[in-house]
Structure formats: C-alpha cells, structure tokens
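For reference, chains read A, B and C in written order, and residue numbers begin at 1 within each chain.
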Amino acid sequence: MLEAVSLGCVRGERRLFSNTGFSVAKGQLLRITGANGSGKTSLLRILCGLLTPSDGKVLWNTRPIGEQREDYHRALTYVGHLNGLKDDMTPHENLAVASTLAGCPAGRSARRDALAGFGLAHCADLPVRHLSQGQRRRVALARLALQNPSGIWILDEPFTALDAEAVANLSRIIAAHAAAGGIVIFTTHMEVTIAAANIVLVNLGQQADRA
Amino acid sequence: MIRAFVCVARRDLALALRRKSDVANTLVFFVIVTSLFPLGVGPERSLLHAMAPGILWVAALLASMLSLARIFEPDFADGTLEQLALGVEPLSVLVIGKIGAHWLLTGLPLTLISPILALQFDLQPLAILALCGGLLAGTAALSLIGAVGAALTLGLRGGGVLAALLVLPLYIPVLIFGAGAVGAVESGLGAQPHLLLLGAFFLTSLASAPWATATAIRIALD
Amino acid sequence: MTTRDSDTYYSGNASPSAAKHRIHWFHYASPQTFYPLAGRLIPWFAALAVLLGAAGMYVGFLVAPTDAQQGDAYRIIFLHVPAAWMSMFLYVVMAFWAGVGLVFNTRLSAMLATAIAPTGAMFTFLALWTGSLWGKPTWGTWWVWDARLTSELILLFLYFGFMALQAAIDDPRRADRAGAVLALVGVINVPIIYFSVIWWNTLHQGASISMKSAPTMAMTMLLGMLLMALCFWMYSIATILARVRCILLERERHTDWCMTELRGTP
C-alpha cells in the first residue's frame, strides 16, 4: 500500500500543489490529472523518491520510502518523461542493464519476450538511435514486463508517441498488472479506456498559483 | 552489489568503445599540450628538463578534467541517470563503477602514453617510472574528485567551465605530489614519500568522493 | 497563498514531540523572527567594528614602535594578519553552516553560508593585496610563491568556486544544497592543500622567502592585531547579517510577513 500524506511541492517560486493526500492499495490504479504545469510530473517524482517534497511524506507499507530505499526501489518501476535509453545500445542491451540495476537480471529469452510483447521483435538488435520515437517509448515500457510482478509502476505520460494499437496493448498490460495485485500510478492527457475494476482519480487542479 | 557495479562499468566502457574518438581526443589533447610548452619557452634542453614534471602533470590534469563532462552529462540528458538513482544498489556504488570506467578510459591511457612524452623531455628511466606510478594513482584521484565537480554542475549553463573552476583548486595536492615525485628522482632523492602521499590522497578521495558525488547527483535530479 | 512558519523544508517529517522541542531551539532560526532581530543587532556590531577599528588603527599606527629592520612598512601587518585569519576562519564557518543546512534542511543556515562567502572572499583578497604591498618594500617584488601566500590564493579560488556554483543555479534550494556539498568537500581539502603547499615550498628552497621572517612581536603589536581582528570580526557579523536580510527578503518576498515588511509598517 502506497500512501501520500499531505504532500506539498514548491518549485522555484511557484507552489505547485499543497496538502495532496491519497492512498493506493494493491490491485488499484491511480490516475493523476491536472492542467499543464499543475505538478503531475513533480508528484510522480516525489512518489519515486527522486524529488523531496516541500511538505508531507510518502509511505509504503506504512513506512517512509526514504527509510527503505532498497526494498522500495526493488518494487518500483518508473518510466519517466525521458525514456532512459542509451542511443548507442540496442534495445536488448538497454533492457539487460535496466533489469540488472532493478535487481532482477533478465536472461536473453526473457528480454526477447518482453520486447516481442511490445511489438519490437524485429528491431531488438538495432541501436536505439535508429528507432522512431514511438518505438523508443515501447523499449522503455518493455522494462515493465521484466520486473517485479506485483510491484509499483509509476508511468509519466506512458501513451505519448504510441500508435493506436500500442495504446490498446499498453492499456491491457496495465489492467492485467492491477488485476495481478500490482499498483499502477500514471498520468495521461489522452482519453484511454483501461478495463480495470478499481481506478482512483487525483486531480491537481488548475495551473498553480504562486507560492 | 558487485553485479550492478560491474554492469554499470561495463556499460560505460562499451558505450565509450562505440565512440572511440572521445577517448582518442583526450590523448591527442595531452600530446598537443605537452608539445606546446617547448614552443612557448624555447628549446633549451636543461630548462625543458627542469620543467618536464610540471608540464606533463599539468597537461595530464587538464586532459583528465576536459573529459569530465562525459561521466554524467549524457546520462543526465537521456534519463539513464535517474534510472541509476532508482536502482536497487546504493547510488554511491554505481558512481564508483562509472568513475572506474572514466579512469580506465582517460587516466590509464594517459599513464600508458606518458613515457613516450617523457622521453621528449629527456627524463631518466627512474623518473619515468615515478611519473607512471604517480599518474596511475594520481589520475584515479583526479577522476574521483572531478566526478564531484561534474555532478555538481549537471545541467547548468556553462557547466564545463564551471566544473573546471570547482575542481582545479582541489587538484593541487595531486599536482604537487605527482610532479614532486618525478622532480625528486631527477634531483637524486627517492620518489617514495611523494608516491605514498599520492596513494594516501587517492584513498581519501575514494572514501569521500563517491558519497559527495552521489549526493550531488540526487541534488541535481531533485 | 500560504506562509510557511516552520524552519525546515519538510516540516511534515518531524514527530510532534520533536516539533514541540524544536520550536524553542529553532525559534530564532525562523526567518520572520530572525529578520527583525538581525536588523536590531546590525547597528551594534557596526558600531563595535568602528570603535575597535579606530582603537586598532591608533595602536597600530601611533603607539606601536617602528621596526628596526623594516621601518614603518611593516605596519601593514595590522591589516594583513587579521585579514588572513578571518579569511580562513570564515571558510570554516561557511562550511559549517552549509553542512548544517544540508543535514537538517534548515533554510536560514544555508542562507548564512551564502552570505558569508563574499565577505570571506573579500578578506582573502585583502590579505593577498596587503601581502603583496608588504612584499614590495620588504622583498623587492610584488609576489613571491611563499607557502602562505600561495595557499591564500588557492583559498580565494575556493571561495570563487562556491560563489560561481551558487550563481549558476537558478533554483535556490538546489543552489544551497550543491554549494553545501562543495563547501564540505572544500573544507576537507583545505588542510590537505595547505600542507601540500608547505611541503612543495620547503622542497623548492631556492626561492623561499618565508613570512616567518616577520619581526618578533612586541606586546603593543600583538594588541594592535588583536583589536583589528576583533574589528574585522564585528564587521563580518554586521555585513553578513545585512546580507542574510537581503537574501531573506528576496527569497521570501511572496510570503505575508515579507509583504508587510516591504510595504513598511505604519
């Protein structure tokens, strides 16, 4: 169970949001909505532990995430705004590094399956620099298939640059992850239908006022 | 832990070997800078001989510093650095892997090429040995300290020059002991005390720099 | 619009009992308490600086005897030595406050560190300048690569690095924390640099004209230097407090107490 307790965030001179709280249990989806500049990405980065909140705290299984960094990171997969891929390496190599860092090294066949699941079987051995934006996004998302099956996925605009087929595919994968007892927290500005029982919405509201 | 460490170091080495020109550029810079000094101060042998330790060390120090931007800046730009920070292993361990790779790609080649340049300045064999020994430990300390500066200036405008401004004063002990070791052999004294102090400085940097670098990276990602 | 009264970046982390305890402890660390307090203290420190400075100058220029070897030129040490003391002392103080700011996330300590840097750099520069003014009549040259002058020069570089790093970062919180890491790395290195420079200097005996050849000290000379050191101390406190007040106003200008302050209380 992941809880956000009265989080506040100030970036530069702007207060993005304050007193934001919610909790997500296993099997739940959390969609964060809000206008551009309302602090969606900042909130996701706070939930990852990359950003220190100005106020409040993030608890995972009732303990602050900062006190259990290793366990928390083992459970967490973050696909951010940036894909986190090396242009000079192939999708295969990128996934190998990413899975090792995440603490569960994946073998070649597991990586091949993950890439095939995102329709990348034909370009698995090309350097990432030759791939299109949508394909790169899918390589980044293929990490989801390799990691902790009941973990926390934090996805920042995962549907960006994907074609209709890939969007449908990712929606299915997200729903399946939640159904298997995982947690998914995501933002999107696209209207996507995800067939999941339990979606929580958090709205960060309009553009932030000054701090 | 070892596995993630090796993975990061191997990744950086593999990436660098796919862009070999970066590694070569550092070496070429080293060679060119040392060749500029005789042109600046004149070809007199005894003068160049006396200045050789300082010239070689300052050039090595600048070459190592120029390649600092390669350590973290590309990873910061493409998002792999935040994935490292979200890794299961402590960031400071992964940072040592990256610094180790940086040393293998700059410090070690600089050390290996330095005897040839030392011959141009007419250094005696024992002095060349002291130069190589000093560079071996000294460039490792330079990579460690330099990584702090590189991490502090991540994503800043004019980061490269700023990083130089931050780390050059901190490089001074390495320069003094490194060049001092060569000078001591040339003047008939042993290089041992200098090299031991250089080694001690390297160990001190190894103990403190990865922590400072990891902290600086987290600050930059915040 | 919210005003944050707490002294820390994330007040939410403190347990209630700790928070209660901290209110006393950090009472003056809260910006809106500190601001008027600093304002009241500045005139006193400034006045003390003027008085001590006048007394120090009097002792230094009129009471202290003329040196047999160096004549009146030596009198510059009444500025030079206290400035050198202050330059090193302020670096350590700056690193201390920066470290406190990094560890406890206190805003005010980080601002203090930022405010100390220019004063520290100024004293370092003053020490170098007066050192070179003294060098000309004494050694016949503006600059010698003496161990102390060289390490003072490196200290100036360290101050410049700290200020340049903070100036390059737009987000004040990142600037505080990055500066703190640099100051801490610097303060570990200052003694190492100092001893390596001394080592370097003694190995190259040829050019060594050491400041150790300074005249043996008469009691009045020591008194003059101490008075000047105290004057510099008071001056530093006054300017640093004034600078912290400016930084506070700049950073907190959108909070209610700053708005009241800026509008001027009726």
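The rule is short, and it goes like this: a contact is a pair of C-beta atoms (placed from the backbone, for glycine too) under 8 Å apart; a residue touches a chain by one contact, two chains touch by 3 or more.
Owing to the predicted nature of the structure, the values given are computational and were not obtained by experimental measurement.
What chains touch chain A and also chain B?
In this structure, the chains that contact chain B and also chain A are C.
Work out per-chain C-alpha centres and flag the one nearest the whole-protein C-alpha centre.
It is chain B that sits nearest the middle.
Report the chain whose mean Cα position is at the greatest distance from that of chain B.
Farthest chain from chain B, going by C-alpha centroids: A.
Report which interface contains more C-beta contacts, comparing B-C against A-C.
Looking at contacts between chains, B-C has the larger number.
Using CA atom averages as chain centres, what separation in Å is found between chain A and chain B?
Each chain's C-alpha centroid was found; their separation is 37 Å.
Distance from the CA centroid of chain B to that of chain C, rounded to the nearest Å?
A distance of 32 Å separates the two centres.
Take the average of all CA coordinates in chain A, do the same for chain C, and state the distance between these two points in whole angstrom.
Using C-alpha averages as centres, the distance is 46 Å.
Among the residues of chain B, which ones contact at least 2 other chains?
Touching at least two other chains: 222.
In chain A, which residues are in touch with two or more of the other chains?
Chain A, residues with two or more chain partners: 52.
Quick one: in the complex, what on chain C touches chain B?
102, 154, 157-158, 160-161, 164-165, 168-169, 173-174, 177-178, 181-182, 184-186, 188-189, 192-193, 196-197, 199-200, 203
Taking the touch rule as given, give the residues of chain A at its contact with chain B in the complex, in rising order.
Contact set of chain A toward chain B: 48-52, 70, 73-74, 76, 78, 80-89, 93, 96-98, 100-103, 105.
Flag every residue of chain B that touches chain A in the complex, lowest number first.
3-4, 7-8, 11, 14-15, 18-19, 77-80, 82-90, 94, 218, 221-222
Tell me, which parts of chain B touch chain C in their complex?
So the residues of chain B in touch with chain C come to 145, 148, 152-153, 156-159, 162, 165-166, 168-170, 172-173, 176-177, 180, 183-184, 197, 201, 204, 208-209, 212, 215-216, 219-220, 222.
Hey, which residues of chain A end up touching chain C in the complex?
5-6, 11-13, 15, 18, 52-57, 64, 209-211
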